[in-house]
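Note that the chains are named A, B, C and D in the order they appear, and that numbering of residues resets to 1 at the start of each chain.
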Amino acid sequence: MQNSDVITHDVIVVGAGLAGTWAAMTAAENGVKDVAVLSKIHPLRSHSGAAQGGIAAVLNNVRPVAGTGPRGPLEQIPPGDDPVDSFDLHMFDTIKGSDWLGDQDAIEIMVKDAPDVVIQYEHMGCVFSRTKDGRINQRRFGGHSAPRANFSADRTGHVLLHTIHEQALFHNVKFYSEWYVMDLIIEDNITRGVVAINVLTGDIKMLRAKAVMFGTGGYGQAFKVTSNAYANTGDGVALAYNAGAPLMDMEFVQFHPTGLYRHGFLMTEACRGEGGYLINKLGERFMKKYAPDKMELAPRDLVSRSEQIEINEGRGVMEDGQGIYLDMRHLGREKIMSRLPEVRDLAIAFAHVDPIEDPVPIQPTAHYSMGGIPTTVDGEVLANANGDLITGFYAAGEVSCVSVHGANRLGTNSLLEASVFGRRAGRAIAEFVKGGAKLHPVPGDPAEKNRKMVQQLFDNDGTELVEDIVQDLKTTMTNKVGIFRDEEGLKSALDEIHNLQERFKNIRVMDKSKRFNTNLSMTLEASHLLTFSELIAAGALNRQESRGAHSRTDFPKRDDESWLKHTMAHKDEDGRPKFSYKGVTIYWDRFPPQERKY
Amino acid sequence: MYTSTGFISWLLRRISGVALVLYLFTHLWVIGAANSGTQVFNARLDAVQTPIFKLFEIALLAAVVYHALDGIRLLLIHYFDLTEYRKTLFWAVFIASAILTLAGGIAILAIMLNGG
Amino acid sequence: MSNNDIQRTVTVRIQRFNPDVDKKPHMQDYQVKMWPGMTILDALHEIKTHQDGSVTYRRSCRHGICGSCAMHINGRNTLACKTPIINEVQKNDTVTIGPLPYLPVIKDMVVDRTSFWEQYLRVKPWLLPPNDIPEKEFRMSQEEVDALHDAEACIMCGACYSSCAVIGLNKKYLGPHALLKAFLRVLDPRDTAPAERLEIVSQADGVARCHTIFNCIDACPKGLNPTQAIETLRKLAQKRQKYEEARRERQKHLNEPIPS
Amino acid sequence: MLTFKIQRWSAIALLFFLTVHMIFMHYVPPFHITFDVVQARLSTPTWKIIDILFLFSVLVHAMAGSYQVITDFESAFNYRKALAWASIIIVILAFIYGAKTIWAFQL
């Protein structure tokens, strides 16, 4: 191995969203001098910045005005008055939202760390919206039974991301912007480093580190209608899986009820949190049929399914009947302008509809990946269902599965998760490195291996275009592994995915240049999509029950008897997934499984 | 290149400013002839009051008027929050300087034709 | 959009340049069939994935929040993902797309933003909070928060930076984005170093170098107003010590409720 | 920032002086300017002082402006110290020259 080709750091963080940046910043703050962050796009372009609605934490700053019921107007809680919210309530909401698949020890940690993390954001400069007396303002969010979404208008993720990035710069974290990580090197259960392309030059390098942390975000790009960025191609899960790490609960993919019709961009849940209605073709607020109590603010899986049923039964709007109306007109100009300005911009730009004057057409959109790399509450990656660890490998954020979201995530809990567990991972990494972690030798020349692989891709004068394969995959995933699933569909989806994997071998990369070759990265991303989509479909086929976001029409009931457990997928010697299962941590005395009704 | 009213106003301001600087030094030189007595002074003055120079004078007038009005516009923007009205202000300055230049120019031409 | 438009094919004229092989940039035409709601970014995606994989641009979020896809479309800087193509089709059925002006081109629409980020770092974008951090949040009024709105909504896309003629002449100028960031910190009641920041922006390559060209406002896809921020900084820079004193006074009450 | 301020202050001064200058030199007869005309005017001390102040502000404004124009170019920006001194010296020399001229006018 040529030495000039190898870069060495104490810690390498892959991904510069909230999770990755928190980990890097915290490790640096805790005394690790040499922390580097790699990101395939500029750090501030990370998808965390797209989050709109808020970040959950029990702060007890606001409450509903007494006597106005659960959907009444909010006011600040006067000093000295009793709190309305509690850690137990936040835990219960999260657990119920997760359909009891969330690990309750992890949920407890997240909920209890939450106020501290949000206050730290505030101290670092995050510009939150305020109550009259100057506290952080809070709004309602789906599935939360108290107003606990702390927000900054409707660009919460944006301000959080900028704030934490600035702090990481302040702590001298080194950023490698536009470096695409293409391989993770784990040997004998010990992490050695990663291989990455410097996108600008096309050079492929080995980067060695004592600890590697993944905060590479979600995998929503596997679906046709999605709220996710182009960058959310699940590279992290695929790389970890290929390197021998297991993946957990991949079959749980959240569909958000209010994606902009046709485009899929998110109309934040805050639209409903602030009081927006969902209306079908007949002008009915149909949620009264499905969740008479919480109405539009029922959790996402339930609202999305309700919408899909309305659409399937012919009560959808727009030419093709695939839409539903989100009606915010009654909120009034002032509220929309001050609380939802970005959403209004989006609706005007892409749907040519001003929410102040007209209802906005929306449809369910793929939104969040509950599954991912299984970790402990300190971000250490599990090697198997027994709870053994992979030395020096950490993960947090959407790429990971702690699991706090179980079968369905509540809105505003994921910015929280990325921050809380990113920070915890950062602390754990600092301890690991300062506790005498070593730089382990790298066997062989992984960089050269990857160079050959890329050269092969270039030389492969196939007939298949990447995009055609990706589009076919997305169609399959949306139609057969989407909101509603059944055995027949899942089986044929698996066949199609295998078929697409075969077709991928006959691929043609159009751009063969070295400099800024995004055609190459798109190709690598496509291979990752094909890798983990198989796990989603296979996991969904195995799981013969309906739980949270996983809804089998042939098994419509939740089955705690046989399925109150996490799915773990391992890559077998023959390259096919092998499944095992891991128990769920449940505080039986406090939050035993119940029927989930809203 | 990124053209816009703001860019055009800046370019014109710059060109007129630099032109005025050049004129200023010429002007100093002309007036400076006074040190050398009446004859020299009148000779230099006459040299710059020929018809050709009258045309120059119109250009000069245009430069002064535009530059001054645009300067006023800038000062207004600095001291009052007027960025919202940037386009209106630009056109106001532009039209006002066109009118003033035209008025002055006609006067200069009239004087020139009347032989002063 | 009428049905005719749906069927319409447009010519997308792209400025191509790969410094490794091309001596200078050249234009290349692609034909794209429009669909309702198609954006410029969708058109580029269509070209890249089906016609010519070497057409290169940055993108991620698809809805105007990440700041990747700022480029020069029909002579204006804007976000490709937020621009419906139908609005940009000119009389000859053509849309012309190139990289952000005044910046070195890496490849096609991808520009080198190094100077942009250097200037961002120069204003020390991070907050420098008071030493005694309270247990709860610092108290700020909603008015104080609203004053920061413009600066805090900036997505660092660079559309403003690369439309400013001063940047075209001089990359040492801080630029509208960095000054907007400086404004954010200077006006934040929690920041302890406004005088130091005002010192930085009043250097020769700071606010004095802005010639009030206004291109930055016209270009900003988020509708922000960097010029106003620059004007404010200029005024505050005249009285930085006084301003810092007022700030220290304000910070004595950062833990107390805002009086109503 | 100093150049910027000088530019504004001198601009405000110029607004006054230039208006006066334009009105008295060009908008009131006689329109053909000769030595006598100039001499007659410049002989009064008030006019002398006004014109010397006018001269000073216009020189300052012109050189500050030129300095701005030149240092806007990145290559010149690096030599801005030298350029600033050069501008100051030009202002002083031109001011002495011009002031001498104005002072010299006697009836």
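Methods note: contacts are C-beta pairs under 8 Å (C-beta built on N, C-alpha and C of every residue); 3 or more make two chains touch, one makes a residue touch a chain.
Nothing here was measured: the structure is a model prediction, and the numbers come from that model.
Asks: Please tell me whether A-C or B-D has the greater number of C-beta pairs in contact.
Replies: A-C
Asks: Just grab the chain with the largest centre-to-centre distance to chain C, centres being mean Cα coordinates.
Replies: Computed centres place D farthest from chain C.
Asks: As a quick test, compute the distance in whole Å between the mean CA positions of chain A and chain C.
Replies: 27
Asks: If you average the CA atoms of chain B and of chain D, how many Å lie between those two points?
Replies: Using C-alpha averages as centres, the distance is 15 Å.
Asks: What whole-Å value do you get for the distance between chain B and chain C if each is reduced to the mean of its CA atoms?
Replies: About 36 Å separates the centre of chain B from that of chain C.
Asks: When the centre of a chain is set as the mean of its C-alpha atoms, what distance in Å lies between chain A and chain D?
Replies: Chain A and chain D have C-alpha centres separated by 66 Å.
Asks: Quick one: which residues in chain B touch 2 or more of the other chains?
Replies: 78
Asks: Provide the list of chain C residues touching at least two other chains, using ranges where the numbers run on.
Replies: Within chain C, residues 211, 234 contact more than one other chain.
Asks: Can you list the residues of chain A that touch 2 or more other chains?
Replies: Not one residue of chain A touches more than one other chain, so the list is empty.
Asks: If you look only at chain B, which of its residues touch chain D in the complex?
Replies: Spelled out, the residues of chain B in touch with chain D are 14, 17-18, 20-21, 24-25, 28, 31-32, 34-35, 38, 41-42, 45, 49, 64, 68, 71-72, 75, 78, 111, 116.
Asks: Going by the contact rule set out above, which residues of chain C touch chain D in the complex?
Replies: 166, 169-172, 202-209, 211, 234, 237
Asks: List the residues on chain B that touch chain C in their complex, please.
Replies: On the chain B side, the touching residues are 1-7, 9-10, 74, 77-78, 81, 83, 86.
Asks: What residues of chain A sit close enough to touch chain C in their complex?
Replies: Against chain C, the touching part of chain A is residues 41-42, 44-47, 49-50, 79, 119, 122-125, 127-137, 152-153, 155, 158-159, 162-163, 166-167, 169-170, 200, 229-231, 262-263, 265, 342, 345-346, 349-351, 465-467, 509-511, 513-519, 522.
Asks: Mind pulling up the chain C residues that touch chain A in the complex?
Replies: My answer: residues 18-21, 37, 39, 48-50, 52-54, 56-68, 82, 84, 106-107, 110, 113, 121, 124-127, 129, 133, 135-142, 144-145, 148-149, 152-153, 155-156, 184-185, 188, 190-191, 257-258, 260.
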